[in-house]
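Look for subunit A in each of the two complexes below; its partner is subunit B in the first and subunit C in the second.
Moving on to the complex of A and B:
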């Protein structure tokens, strides 16, 4: 096995909730992530899929080094993210780019597109000043926008254009890894299709490693070759996209697939209830409360993520049988 | 018992079966010089569910707002007709509209957090239409509110009556809004993107709930949707809107399974399915209101467009059990 570009070793992230009131209630722990083990290989396209509250955004914040892990280690290459020195941090910032969920909100409204895109190039001194205009033009070309947009402000661009600019800015630092948080949510289908095609082509052509957060299994399967499904701060199933789509082994993955709207299938509410609060987690499997095939043992034993078949891992005591 | 009387629909309220509940014909809406809705016609029978689909800017929400009288003169100019039973909605005074809204016509909005008032308990908000339209007593309102909360799947409704919206999750808030919308057993339910802010598993629950309640009350529903596959799952009929016009309308199994209008075909080829083949985006975007092309409004983006398309507007014609407005139907 080659060296993974990211390895997460039993990563935990918990937040202290301080009690309030005069007679302060005892503080409680909110575990956003608990025992996450994950490897990302160079050139991988990985989707982190889960409902809101599953911990996918926290996971990506840890991988970006924006937050420390409460326990466990996040390795970038061979090095612990928490122990990078200033110089290594700067290199990390160049090599790992992030596309924010709110593309417009992630840009300074008073800066022109030109300056927004040139900022990472100048910061990392990727080329001499007079080469910058040519670079910007080729960046816009790569994301399929006309060079005329360089003089505009973010507020003058449409929703689809602004997402492309966000992608162009991520590409500006010539990264090896791009992480993206729900980058196509809330777009019209036609614009979403354009942005998805762009991201897919960029990754396939340039071999960039992509870590993509989404709640939409369709988007995940379109962009990524691997999928990790999160539930309440744990990875419950991960593996190659085809395997996950065709033979989901975790009941939660199967329920997500069944709830996905399809032209050829009737509507099916595959799960009752909602994702529970990550405060005071129940003993045993976290999904037991909503699981359609729960057994007595599930409420006692917390299943670990174990290898099942080719490249797939599942955290379930009674994995769904392959039909 | 006061409440029991109000809960059963009165005989006079039960509709004659095949009369359309809602009949919109040649409806146009102008905002200044801009024509936002242009010649929209559709009919909805009792018990039917209709999905309005299209990109943003197609006029779906505008049509919904016009139907419930939230967009009317003098801000906009309405021409044509919208008949709800025997009432001509375009001529209705605001006071009369208020008697319909929340009573005969229920509303569900996209963002429950914004639609619910943060200062009142959910119980009070569910009880409001019961007070206003049905004039139930305080006690009966509370009973009925608890009943409604139970019917929309909120666990322990009596305890939740006194909860404020922020104490509930997004899915639960959506359920509360559905309870408000259904409080007076409406004949028509308008739902503007009721689930687009929710996770898929919750979306399926909420949609099933809405359909279940609508069927139980034998009401009709209009859904504004952007998800075509969801439309296929929940709607009897689909109306595809583009730039303020309906370009294709008919039973959803026809319109979505084998679309005839190039715009519907284009929309369908953009939909991400599980394990999708390559997506084919529709080039360009909906033209701005002040620069609408003459002829067919979709012509500039249409792969099949010929000269006639940019010169003359195609009239809707019946084809394979649906209405299509296109010069070149395959």
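Moving on to the complex of A and C:
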């Protein structure tokens, strides 16, 4: 086994829900993540796929060290993220970059683009002050933007430009891992394609490890070699992209695939109902309530993530047979 | 290449214009206020050259005189020249106004930043202290403080500054809490930006404009309070040329020589109106929700 760059060992993240009023209702727990086990190898491109509320964003925030795990451990290399010393924290900050879903909001509105991009460079002293302008220009060139934008403020750029600036900022610290949260959601298809191509080229050329959150399986399949499907705070299926897309073994993955609009097929709503509340988790399989092929045993036993074949894991008692 | 350079220089300049200068120039009343304040500042700075008499020279032979060629605005009961006292009074009023607001702003903003950024117990303690300060009306607080410190120009500055700490602290904390939850703060933290740099580069620039607007408005309050304190006899020490003192001195002669109180009173009123016009204009210029097409 090569050394994984990130390993999550049965990570849990729960939030305490306090009752309100004079007589406090007994506090309940919301489990945003429940026993997630995941390994990211160096050079991997991994997509985290799932509906809203499936815990994708929580998972990535845990991996970034923005939130502590309630239980379990998040390892970066060999070390626990919660126990990094100042030196290691600084290295982690340089090596792992995050691209926010809200790219504009992640930039100080009172700073010029040049200062925004130069901040990580100055911070980690990646080059001498006098080389910074050239460095910034090459960064902009890499993300396909003209150097004239350096003097602008974030509010003056378009949605596509600002996301590319966000990518440029992530690249500025010369990271080994880039994490991106819905970085193309809500963009025009043409701009989306540009941003996706940009990310893909970056990963291929510089061997950057990419962890990409998306709810769009099409985006995931284009960009990433591996996919992990999340449902209600748990990974229900993971494996190589083409295997998952061609032969989904978990009913949820299959339903997601069917919900994907295609040119030549009528669209049918394959998933009925909403994702249940993570406060009152049903006993047994958490997908049982919406599963088209639910059986009696599903309501009793909570399936664990088990290996099927090469690099393929499914959490289902009765995996869909390969068609 | 030169062309490209020009373009960037141009955008940089027009940026500044569009964000600051133009919205302000568009506020006509603010510009009027600014012009009046400029005249006051001119008078204050050049008081030694503009004055015709020593502002504290008494000439009992020439007391209670109306405006004349020798004393342009008349004299008071001690025969002091009102025109000269008015000029030096402007100096004092502006110095006290700016100094007390600057001091109150520095302390208040520091408290507000600390409370907003640290949170928890620190915030609770700091904000309860601020609540205590805010519980008293400004004039009462300043009076109480003057009673403890004793008379004097410096003490007036301290007393007024203290009464301004509360409002500035409360406002800064509110803005900091709002800015703190913005993603760019978290992004900076995640990139490993040191806390001091986050405060200096990311938090302060985003809370500074409402604070400055508030400061502009507070200056007029400060001058009014200072005059009030002096009028009540617990401000600066006579015979310092101070408008509040001058108004108080003229009170007894209001029927015989109305100009003794009237001259500083009118000067004070005009300055306050001008400061308020400028303050309103600044607020409108910086706050996009109140921007109108004028």
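Operating definition for what follows: the second predicted complex is superposed on the first by the 323 of 323 C-alpha atoms of A that agree within 3 Å, B and C clash if a C-alpha of one lies under 4 Å from a C-alpha of the other, contacts with A are read in each partner's own complex, and residues count from 1 in each chain.
Methods note: a residue touches a chain if its C-beta (ideal position, glycine included) is under 8 Å from a C-beta of that chain, and two chains touch if they have at least 3 such contacts.
The shown structure was predicted, so the numbers you read here are calculated from the model rather than taken from an experiment.
When both complexes are superposed on subunit A, subunit B and subunit C end up sitting side by side without clashing. When both complexes are overlaid on chain A, the residue A:148 reaches subunit C alone and has no touch with subunit B. In the superposition on chain A, A:94 contacts subunit C only, with no contact to subunit B. In the superposition on chain A, A:281 makes contact with neither subunit B nor subunit C. Residue contacts after overlaying the shared chain place A:84 against neither subunit B nor subunit C.
By the touch criterion defined above, A:64 lies against subunit C but remains apart from subunit B after alignment on the C-alpha atoms of chain A.
In the superposed model, subunit B and subunit C sit 80 degrees apart as seen from the Cα centre of subunit A, a figure rounded to the nearest 10.
More residues of subunit A are touched by B (comparison of subunit B with subunit C). When the two structures are aligned on the shared chain, A:51 is found in touch with subunit B, with no touch to subunit C. Using the contact criterion defined above for the overlaid structures, shared-chain residue A:190 touches subunit B, although it does not reach subunit C. Our summary of the superposed model lists a minimum C-alpha distance of 17 Å between subunit B and subunit C.
When both complexes are aligned on chain A by C-alpha atoms, no subunit A residue touches subunit B in the first and subunit C in the second.
Taken together, the subunit B residues at the contact with subunit A in this complex read 55-56, 169-172, 199-205, 207-208, 211, 226-230, 232-234, 256-257, 266-267, 269-276, 278-282, 285.
Residue ranges on subunit A touching subunit B, taken from their complex, read 51-52, 158, 160, 188-194, 196-197, 215-219, 221-222, 241-242, 245, 255-263, 265-272, 274-275. Those residues of subunit A that touch subunit C in the shared complex are 64-66, 89-90, 93-94, 97-98, 100, 102, 105-111, 119-120, 123-124, 148, 150-153, 173.
Note for the complex: subunit C touches subunit A at residues 4, 7-8, 11-12, 15, 182-184, 186-188, 190-193, 201-202, 205-206.
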